Amino acid sequence: MTEKVYKMQLENISKSFPGVKALDDVNITLRAGTVHAIVGENGAGKSTLMKIINGLYKRDTGRILLDGKEVSFSGPMESSEAGIAMIYQELNYFPELTIAENIFMKRQPSKAGYVKWREMMDQAQKILDYNNLSYDPKMKIKDLPIANIQMLEIVKAVAFKAQVIIMDEPTSSISDKEVKMLFDTIVRLKEQGISFLYISHKMDEIFKIADDLTIIRDGKSIISGPISQFTEDSIIAHMVGRSIENIYPKVKVPIGEIVFEAKKLCSERTFKDVSLHVKKGEIVGMAGLVGAGRSEVCRSIFGLDPLDSGEITLSGKPYVPKNVSHAIKNKVLMITEDRKKEGIIGVRSCRENITLASHRVRSGIFMNLKKEMKEATEMSDKLKVRFAGIETTIGSLSGGNQQKVLLARWLMLESDLLILDEPTRGIDIGAKLEIYNIMTDLAKKGYAILMISSELPELLGMCDRIYVMSQGYITGCLDRQDFAQEKVMQLATRSEK
Amino acid sequence: MKEIIKPNLRKYSLVLILLGMIGICSILSSSFLTATNFTNILKQVSIVTICAFAQGLIIISGEIDLSIGFLAGMAGSFACIMFVATGNLFLAFMFGLLLGATVGAVNGLFVAYFKLPSFIVTLAMQTVCFGIICLYTGGQNIYKIGNFKVLGQSKLLGIIPITVFFMIVMLVITHILLKYTKFGRYLYAIGGNAEAANAAGVQVCKMKWAAFIVSGLFAAIAGMVMMGRLNAGIPSEGGGYETDAITATVIGGTSFSGGAGTAFGTFLGSLIIGVLNNIMNLLGIDSYLQMIIKGFIIIIAVLADSFSKKQKSSIKIMASTFDVKK
Amino acid sequence: MKMKKILGMFLTVAMSVSLIAGCSSNKDASVTSEDKSTTTSDDANKDADSSKTEEASTSGDSFKVAFLPTDMSATFASWLATELKTAFETYDDMSLTVMDSKGELETQLSNLETCVSQEYDYIILLPLEPAAEDDIVAGYIEQGTPVMMINLDDFGVENASSVIANPFDLGTIVAQYAMTQLADDANVVVLLGPSGNTDSIERRRAYEEVLFSKTNITILDEQIGDWEKSKGMELMENWIQVHGDKIDAVISMNDAMAIGAYEAAKAAGVADNIKFFGVDGLADAAVAIDNGEMTATALQDAKVMALDAAGICHEILTGENSEGFEKIQIPVTLITKDNVAEYIERYTDNGMITK
């Protein structure tokens, strides 16, 4: 460790919005050359804190010290000049511009208003070379994989003398290999004395990369200390404010006959010879690396993507997927992976989102508004959706509550097979637990559930069986008694044929 | 209670703007606050309002229909021709509707099934519509349309101008379509997020297609009422209504990005413009000055409305995060 | 010249065929292109043959004349086009082509360019904005393509021919009649055309000089109605609201707006006390005057204009007119209750009024 000097200190930061105290006396000390993780549930106040640091919001009380001196920024430009760089979850970049232009955005070397192109290209090349990135600075950003764009943001921050880099969920959209690349960079920069504030949900990452940890709950900094003081369970307990014995509420339910069976499903590009079945009351998992074809198989079954060949039977009756409404008629339902893109109608109310697919609340072409209100309210109560009212627009809810509304949408209908694609992605721990509970309840009621997840512990905790896919093939099927992380990983990385 | 008031707040902000305008106008001109003047305003906005209902349906579903004006001109003029030829008003009306539905169906076909941008398709359809009617009439207007004018100049029960009656009927129809039918629900969903709607089993193409047909029908009705009011078949009179309709819809709170908007909002938006035009003429304000004032008032109206909307939505988000924490 | 025409036709056909072929299949590109070359030459030959015969039927050495109207969907322009076609049919050594500008100055200018590059022998221009087009027209005349301004001219080009009904005269003739119909202290409202429109400006100027400056008439209000009937109607509704029965006359710069104002007045039950004056004198106005709805209008007679234009055109092309240009003004006619029957009959004959 370096000498005991604090790079940045946040002292007694408070911030109120009308009706809500978003931050309440938050204290964080960031040591030079370390990674300080900040964890907390969604809505705990992490992003407000970040915005106060870089000057987007004005704090009500408290001080920010940088190298021991009090600072106050009126906006991101000032904070970045002082050496604080933000790397957001949603990356800010200009897809149609070149790497060089993106690096030098707002800082272009220029003369009398004209950009000096050659100088900019040369400098960009130098920066890339220095960081061992083998890209042509004239390349357009949109042609890069997302992880490299992120890397560029970091490189850019460092090139412009950032001393503190704040990262908000940096690994939410990149692969494991890319995560390793990111961590290598962070370690290298740490050695150069650069400090990181690292916001994340992912426990394994935090334990891998962080030196210190602060847990925020309900706008307060609950506890701070070196990472060695914490265990995964203790972090979760602090985050949700209660201790959790077993976060996976798996209950044994009687397994019935086969409800869904697929044989030799093929789709030209993405998967081949996929055979699987799900029984009544069963929760079946699908594991695999990103790009293994799990989502694609399920999307084809649901009629969202084309299916080239294969046979499917539903309770013994043949079923050929045509389109989504046809799938729904045949009681095959699916919650898609990308909630924002293919799940919620963001600008509409929870009520409308819940009843969008329901025939029960209609008579002919007309809506039965009374019945709709009654049933939607009942269903959202049952799933404990938290909102200001059922007319709240769904886009303003947290991820967990949005997911519950989507579950409610399908629970309004009868279902033979319910497919859940990454049902807990981007959801905080508390809401995750509730989703698991709902799944368990559904299994008890005899639902057949097919669940895709990239979080292995979740699959191991919730499923009765797990199919593992790799490169478009099913490479194995494990029963609950054989569950083990290593076995799944082995199958997931196997290449067949 | 809370649930019922909230979605209506936005609508009320428009009502307040309108009431404010009416208040100011009645101070500015003594002839403003009279029954005949209000009838005048309603008569003057009725055709553009019907067009705006059509435009509203389309904008809610995330598209745009620029063919409305010229389609109205074409369908209205052809209905005149049909009436002059047969003397049968019902037949002429049905013929107009058929034309409207046909053009709408063509628009919808290209937009929904061939996935062409609606802006381009309907822009092209403008000239097709105008071309067809001009080709038929040789660029001449249709005069002596006889009793066709009852569609635009008669009065129901001796007091309600027929154009206003049509507008109210279309208001009710649009309101029912949007609020009480699954078609309306689907339009909102498609406009809000077409992919998500598709993943929820909404037949996006079919619904969009249907929306354009409905829009075509509405435009045809507007066109026939227009020609009735003009007591002549003048194809070129339709041009420009599509943009006026867009203005009314957007002032009425319909989101340009789709997924939001109401029939009443559109109606109020149209009335706001109508009152504005009316008072400026009553005051005898110079034509050029009128253009400038109108432009700025429209911006102010939209600004005031979007401001109140922003505040409300941020409060809503606060409330919901607050709720979560409890 | 003929070679060029054949070549042009060949290219057009080749282009359209290749377009169709290109759309229909791109898999067997080589095969299609072979097919294409054979079909195109066949088609082109055929087309060239037919065009030869067509021309032969008119004349061995025909003059190509282009007519560039403002907007074929406008009533007057399309009427003038029809009359010009009829007038040109009587000459067997001239052929007329119509190129529409769809109300866009930009389109009209590029049409002009096309005419010159296509080596038309004569251009008849119904200008959208004469002042804006003068320089270009002057240039083309210098290069050897004679041009005639029809219906509207600001006399900015010295050696361009000109056949017009002076908009000022049109205004004057109605204004003079209005003077006899209105009391010296009458109250009027005025409807104008689109802002910047030459016709509207000139007609309004005539009213000013002939009527408004010479009497004590009060102008209650004056607004732009964009030539549209619906605008005229809307404005009148509002005027009746403000001025009630004070309005003695509606002075409109065209007929459509005047008739629109009449419809509004009729609905309000005040039409009988108001006189309506328009300009243009087309079928709608004739009917309105015949019904006693409008009081008077002035006609710019497209038929007279077309006959004169064709005559001048022929004289210049055949060299009968050695000067190379001629400027005439056709007389404008006042239409009132007294002579309207004549025009009703005429418009019924040429199909503009259907019974």
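The first chain written gets the first letter, and so on, giving A, B and C; residue counts start at 1 in each chain.
Rule of thumb we're sticking to: contacts are C-beta pairs under 8 Å (C-beta built on N, C-alpha and C of every residue); 3 or more make two chains touch, one makes a residue touch a chain.
Source: prediction; values computed, not measured.
Novice: Can you name the chain that lies farthest from chain C, using the mean of each chain's Cα atoms as its centre?
Specialist: A
Novice: Could you name the chain whose Cα mean is nearest to the mean of all protein Cα atoms here?
Specialist: When every chain is reduced to its C-alpha mean, the one closest to the whole-protein mean is B.
Novice: Starting from the mean Cα coordinates of chain A and chain B, work out the distance between those two points in Å.
Specialist: For chain A versus chain B, the centre distance works out to 42 Å.
Novice: Centre to centre, by mean C-alpha position, how many angstrom separate chain A and chain C?
Specialist: Computed value for the inter-centroid distance: 66 Å.
Novice: What is the distance, in whole Å, between the centres of chain B and chain C, each centre taken as the mean of its C-alpha atoms?
Specialist: Distance between chain centres: 33 Å.
Novice: Which chain A residues reach two or more other chains?
Specialist: Nothing qualifies.
Novice: Which parts of chain B, given as residue numbers and ranges, touch two or more other chains?
Specialist: none
Novice: Give every residue of chain B touching chain C within the complex, in rising order.
Specialist: Chain B reaches chain C through residues 29, 31, 34, 36-37, 40, 43-44, 47, 84, 130, 134, 138-144, 153, 226, 229-232, 234-237, 277-278, 281-282, 284, 287-288, 290.
Novice: Once bound in the complex, which stretches of chain C touch chain B?
Specialist: Its residues touching chain B are 72-75, 77-79, 82, 192, 195, 220-224, 228-230, 233-235, 237-239, 241-242, 256, 259-260, 263, 267-268, 283-284, 287, 351-354.
Novice: Can you check the complex and tell me which residues of chain B touch chain A?
Specialist: Chain B reaches chain A through residues 2-3, 6-7, 179-183, 185, 188-189, 192-193, 195-203, 255, 259-260, 313, 315-325.
Novice: Quick one: which bits of chain A touch chain B in the complex? Just the residue numbers, please.
Specialist: 17-20, 43, 218, 302, 304, 323-325, 327-328, 334, 336, 341-349, 352, 355-357, 362, 365-367, 369, 386-393, 396-398, 401, 409
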